[in-house]
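Below are two complexes that have subunit A in common, paired first with subunit B and then with subunit C.
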Partner chain A sequence: MSEIIKLYIDGRKVEAEAGSTLLEAARSCGAEVPTICYHEHCSSYGLCRLCVVEVEGQRTLAPACVVEIEEGMDVKTQSDRVVRSRRTILEMLDSAVDLSEAPEIVEQLAVYGADRERFSGGTERTPEIIDDNPMFIRDYSQCVLCWRCVQVCAEDAQYAFAINFSGRGYETSITTSYEKSLTESSCVFCGQCVGVCPTGALKPKREWLLEAGTEPSEIMRMTRSERRKKRRRQERPYQVVSSTQEERDDDKR
Partner chain B sequence: MKQELTRSEMDLKELKELLLPMVNSGRTALLPALHAAQELYGWLPEDVAAEIGRQLRVPEADVYGVIDFYSMFYSRPVARNIARVCGDPSCSIAGGLRAVDEACAHLGVKLDEVSGDGEWMVERAPCLGLCEHAPAALVGDRAIGNIDPENPIDWLSTQGDGARSVVGGDIRILTRNCGNGFTTGLKEYMLSGGYSGLRRALGELTPSGVVDEIKASGLVGRGGAAFPTGLKWEGVAKASGETKYVVCNADESEPGTFKDRVLMEDDPHQLLEGMVLAGYAVGAEKGYIYVRGEYPQAVRILNEALGKGRDEGLVGRNIAGSGFDFDIEIRVGAGAYICGEETALFESIEGKRGFPRIKPPFPTTHGLFGRPTAINNVETLCNVPHIIGKGSDAFRKCGTRESPGPKLYCVSGDVDNPGLYEAPFGVTLRYVIEELAGGVVGGKLGSVLLGGAAGAFTTAKSYDVPLTIEDLRSENLSLGSGVLMVFHEGRDVRLVLEGLAHFFADESCGKCYPCQLGTQRQYEIIHRANAGQALSVDRQRLSDVGWTMTDASLCGLGQTAATAVLSALDLWPNLFDTDEDEL
Partner chain C sequence: MISDSRKVTTTCPYCGVGCGLDLHIKNDYIYRVTSDYDNVVNQGNLCVKGRFGYDYIYSERRVTVPLIRKTTQKAGQRRQAFDISEWRESSWDEALDYTADRLAEIYDRDGSDALAVYCCAKASNEDNYLLQKLFRAVFRTNNVDHCTRLCHAGSVVALQMAIGSAAMSNTASEVVESDCFIVTGSNTPENHPIIGLQMKDAVYKHGSKLIVIDPRKLELCEYAELWLPLKPGTNVPVFSAMAHVIVDENLCDTKFVSERTTGFDEFRKSLQKFTPEYAETISGVDRQLIVEAARLYARAERGAIYWGMGISQLAHGTASALGLVHLALLTGHVGRRGTGLNPLRGQNNVQGASDMGCMPYHYPGYMEVNNPDNAAIWEKAWNIQPEGLSRDKGLTTTEILGNVRPGGVRALYIMGENPMMTEPNLNATRHHMEGLEFLVAQDLFINESGAYADVFLPATSWAEKDGTFTNTDRRVQRVRKAIEPRGQVRSDWEIISDLAQRLEHRLEREKSAYWDYSGPEEIFGEMCSIVPEYAGVTYERIDKVGLQTPVPDEEHPGTPYLFEAEFPAGKAQFFPLEYVPVVEKPDDEYPFILTTGRLLEHWHGGTMTRNSQLGELYPEARVEVHPIDANRNGLDDGGAVQVSSRRGEIILRARVTEKTNPGVVFIPMHFVEAAANLLTIDALDPQAKIPEFKACAVKMQRVNEELLPNPSARLERGRW
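Presenting the complex of A and B:
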């Protein structure tokens, strides 16, 4: 049994196991702490800062997803500074990327009374949709740079290391080496990146086509040539690209 | 431009040979490998990057991620000569941005565009640390000071190094061998008392004795954070683990700061001695000096001095016959202000993008390669030989009780004699500006940006505040890295702020949202206001963006990216008001 730490969250006395994060402790007592980049099964890097809380005696706000609890901490999850930061981060994010397929973030915009026009007129991130493989569509105009796709592609899960970052600052983007297509990269089409994407930035191509109103029969026809290519690859086993559930389903049809 | 040529095996052979000595190092050799490859090919083509990745066992996407992070690495073909013109405050008020335009016009290119003959390209560079020679440029690897903005032909073709250091002050402790127009060699350094601190330490003191002496001296870090050096070293010395490191942060990039460049170029052995002493004190056998990519001259000089020090048995194995081993490696950055942040600097040495890490854990226990690491600024380490050589009491004779010792002040902008001035802590702003730098020129004093781009504006109201850590803190100011950027009353502070905002937007690493988004929005708001399109909500927007960055950013860059703007709004609340507001 590990040590129990006592702290105060929004004036309430809370007990939690040593090694817990402030986020875990806050959620255990029902305090609402919003997050964007945080994912239970991914490493936490404290990127989005939406989870910041005010810890008495500390100069800056603390990212709850990574800061561990300490004995006697006095934590405020909804102080004026906290709310200002969360609201401003959300407003700035909203002005930078397309959040139309990120309902959880949009909900936070409402919770924090964000003014959705506040930073309008600022440069938006509007790269072209990347349709370079039969499996996924990448629409980085919806990317919030939560890093999860890069993490699961690397040490958090798949060890494929197909994607990383280009640029820096506001111009950071997720990319393959020299922006080549996913098919030319070390991508194994495991789909984990799509699974952890919190917005519509990464999407199965079939979902994307269906949403665009394409008839299933049409999708079949469109992907037929892809499947033919795949079959050819299977005849040469050393060049097989591992198939995903979707490809297998596709073959059964 | 698209890569048209496919390199033959023959072409990669040279690269493979170059990489041979690096292969066993793995990923930490990534930046050195990229520098070497770029030197060979002029830029970094895909197959070259792939080969480097294979040899150093770094995934290709990661190699590309690193290349694209650093502004001095190029994944597209570039010109044979790159003219980097400084666009930060001291240079821009002296005509730096005009020089950019004129050079582009002369060459018939746009900014960042390669000329038709492939010879030239002009970039707007972040502060080049040549502020006392404003406006300045880096042409290839030659630093050119006092360029004539109207006459690009002249400065683009200047030969030799045109930026000798300008050094003055009441006391000459750290700068006793600086400002002479040449690099002080080992012999001269020793004649001036050099390496006596090291001899004393190795002969008379235990490592903890050295730590105690530094603690007793009251030395605090000179990079900006003013953390007590002795305490830091004690933390590293006591941290568990066999392998420990000393890292010298020579990524001097804070706009307005040029002291470390002068120290490295004019008296490199002083720094090396400080490093070896640090290594002895904390129990490290390896040290790194991470020099920013914009300081090719300092890199050359340090490497030379290091070779000489090794030859004389002052660095390397069995130093001065004491049995103590400590070697130093020079690492060269590639254009990223963020790498001056200590954990981002570690990441860079480890061959990664310069993303700062979450603290804690702190470098004293989890630093470079996850090992206990003492990381210190150049000026901080240069104080060490004097403290150990002459004792902490002698050191404390200078400065105040809480801020003991000598301090280097980087004075630039509208003063008669911009330069590096050494004076004790506790002299006033008035003294440094009026007495040492010859007073304000071009009009009466308007404002001073104290501490660099990450610092705050103040006015004549602070003229008589003693320049100490404690006095400035009580005024809500900070000396930062010792920067005094002086502006006469006719200067438009809004333009200076736009320049600073541009700098931070360019240099934000993009890791955390407040800084990634905030530096961009901050720049846009100020840029638009300066273009005559201020909105009545701008003051509140700048305040919210600024406080969000200050409160919620992950590292020191984001936390200070709005300090200057917020300080200006405090001093001049109506700075960005529209006509509408005045009605």
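Presenting the complex of A and C:
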């Protein structure tokens, strides 16, 4: 049995095993800390910063998924500073990425009252859907760069190392080396990446065709080239959320 | 996004790992497969087959109505009928009556042993239990076998001889607890992909040392401390030389050897000639590598051995596997966590089908058929008069076809197998299939074997039925009906029960062996009530997490690793070995050794995967040739080449790669248009009757691209 650490989360006294993260400790006492890039079965790198919390005496906000608990820490998971930070992250994501198939993130937009107009006028990411293999499509207009797919393709699961980040800043994207097709890359099509994708960016081809209204019998009859026909991107079906509590409740209904 | 979908949890139908699957279904159409990240077997990870390879169940080529051949087939003139126009649709009544009439006629005329059956390592425990029951209880023959004969028979026989139990001794995921493990004759990342991941984790995250002993430079070699690139068929000298080093350098666990084994002194004498130098001259492996491998494994606190068909599929497959057993016995690397003797079983339910007695020498639970006490147990269970069951050992898979002739086997019942792809020397197999008087195929597709049948009984796929599979580490897991059966297809157990009742009526049996089952759970219960290893397993107990056999009673938690206190045989036995070369050595005319195997994207005879999108992902066979050999023979990467042996020839593209060794070429077994088994040799291991798939002599000749069976199929893959 490892050492037990005592700390305070939102004023409550919490005990947890040494080596636990702030996120684990917070969730163990029922405090809600939202996440995007975090996945229980992947390594955590604190990329999305949605899980930030405020630790008394620390200059910057702490990403809860990677910071380990320390004795006597005083942690606030919903302080104004935390909420404002999370809202900004969500607003920036919303301004650039199609979140229509990420219901958990859309829910957070509502919870944090993210204002769609705040970063309006920016450039949306609208890369073409990549349909380069028989198994799954890649629609990076929906990619939130959570990095889970890269992790499971590497040491977190598959050791295939087929995909990684490329580019910097706004230009960052997930790609194969030299932007080869997945079939020519070291990909083994295990689909671990599809399994952990939190949005609709990675999707089995059959699911994608079914959504487009193709009948199963037709999917089975299609030749590969027929299946490759591109589907036009739809308008975002979800609404701009407002920040009052009543409207938020309305949204949930 | 898709709404109104439902999710069904079940077990993967492909390899022996037995991954848990969550099928996401809308309107009976499976559109996505995921897995629970808390699953004890696969921790949420899947491979390409489990994740995407299920679509064959919806294929338009699938047969969903019972079929009878329009033209009556005669022994010796039987022909394949792939085209549906050569069959007529029938009702189930007509198809089963016809089947029962013909089988009863042959039984009445020629007796029990004119009939034989191939059970199916893809089908459930319930289906397999029932099919062997049909042939034993109704026809009174032990001519019951399945594809285990073609995959791990050498390992099974060796383990039975040496320790008295043939299953994998430890749990696969325990590999991360080993500080050294040997992988030999197994391309684990392609053939047991999830165990492959666990092996990589063991090396990468847990500091385990990996020793690969294999004639191919596999992906795992990248993770290995040592790679011993031996020539195909030289396992015995390499393993024996390792044993020689272990004994010579006093690295034995002497306590273990003296307390738990017998025959050491004689074995020790037999090792004298197996020096590393001698092994080097035969296997081509540097003597120093052999010494280092022996030391690394022997000095480990927890050493484990994992092996595949590179060990068993040889005419000395039993001896090869014994060579590995010896290493574990010398070092005491068995009977503890993270150690063990682990033959990686190929099929999803090959362990289960073997447990269910789908073998010619054993009833369910490995009870030998020639022991009258065992026979009496099953006579009582199946309501058969004393002395009613046959006490004679039956024919093995390979012997069944070899005995097709007047006075021998006349009728064959094939459930889900495809010998016309998976037997060695297919031209001989073809001749045997043509000689059958009556052939029943129970399958999803008219495959190369079913095309010879007189009657085709369309069965449910794994997604359309309930039951259980037993995976490679002995875990009994639930398979669940996820979608309604297509067309008129019926579950295997229903077909078998229905047929059995019609047969008992025709054969005027006084008492029925009981076929009136309410469903798979009742069948499973009947089996568990007699087989001690399954006594404590119930559907309720394995609803969420499977149990690892033996499970002797309903309180027992299952057995993650075996042989902690003793071996089923009491003391384990050493067997002095001799080096026996492969049957067909390369010579001037046929200068290359061909070794065969499998690919990540495909499954065995291809009945499933070549009717799936997986076919698009890996559309053609390639022969792997080392650059030195390619140069010498004027072969280009991607160019067409004819590969011939003394038994047949095929044309396919070459893949020039250093992943195979000079003098050795590799061809995957899955592609009918370039069937590797047209080339392989039908030499058998004398004890296990397993064929020598892993070594025969071939020659290669560059040919015109137009001669390729399908020139437009072009493989463009960058994976290992």
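Here is the rule we use: the second predicted complex is superposed on the first by the 222 of 253 C-alpha atoms of A that agree within 3 Å, B and C clash if a C-alpha of one lies under 4 Å from a C-alpha of the other, contacts with A are read in each partner's own complex, and residues count from 1 in each chain.
By definition in this document, a contact is a pair of C-beta atoms (placed from the backbone, for glycine too) under 8 Å apart; a residue touches a chain by one contact, two chains touch by 3 or more.
Given the structure is predicted, the values throughout are model-derived calculations rather than measurements.
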| item | value |
| --- | --- |
| When subunit B and subunit C are modelled together on subunit A, clash or fit | fit |
| Which of subunit B and subunit C A:Thr88 touches, first, second, both or neither | first |
| Which superposed partner A:Gly200 touches (first subunit B, second subunit C, both, neither) | second |
| Subunit B versus subunit C as contact partner of A:Gly167, first or second or both or neither | first |
| Which superposed partner A:Ala96 touches (first subunit B, second subunit C, both, neither) | first |
| Which of subunit B and subunit C A:Ser185 touches, first, second, both or neither | both |
| First (subunit B), second (subunit C), both or neither touched by A:Thr123 | first |
| Minimum C-alpha separation between subunit B and subunit C after superposing on chain A, in Å | 10 |
| On subunit A, the residue positions that both subunit B and subunit C contact, one per complex | 180, 185-186 |
| Contact footprint of subunit A on subunit B as seen in their complex | 46, 49-50, 59-65, 68-69, 75, 336, 353, 358, 505-514, 516-521, 524, 528, 537, 541, 544-545, 547-548, 550-554, 559 |
| In the complex, subunit C residues that touch subunit A | 1-2, 24, 26-27, 29-35, 37, 43-48, 51-52, 55, 58-60, 193, 197, 200, 204-205, 600-601, 613, 616-617, 716-720 |
| Parts of subunit A lying in touch with subunit B, wherever the complex brings them together | 36, 45-50, 52, 60-61, 63, 66, 81, 84-85, 87-89, 92-93, 95-96, 118-119, 121-123, 145, 154, 161-172, 175-178, 180, 185-186 |
| Contact footprint of subunit C on subunit A as seen in their complex | 40-41, 100-101, 103, 133-136, 152, 155, 157-160, 180-181, 183-192, 194-195, 200, 204-207, 210-211, 216-217, 220-221, 224 |
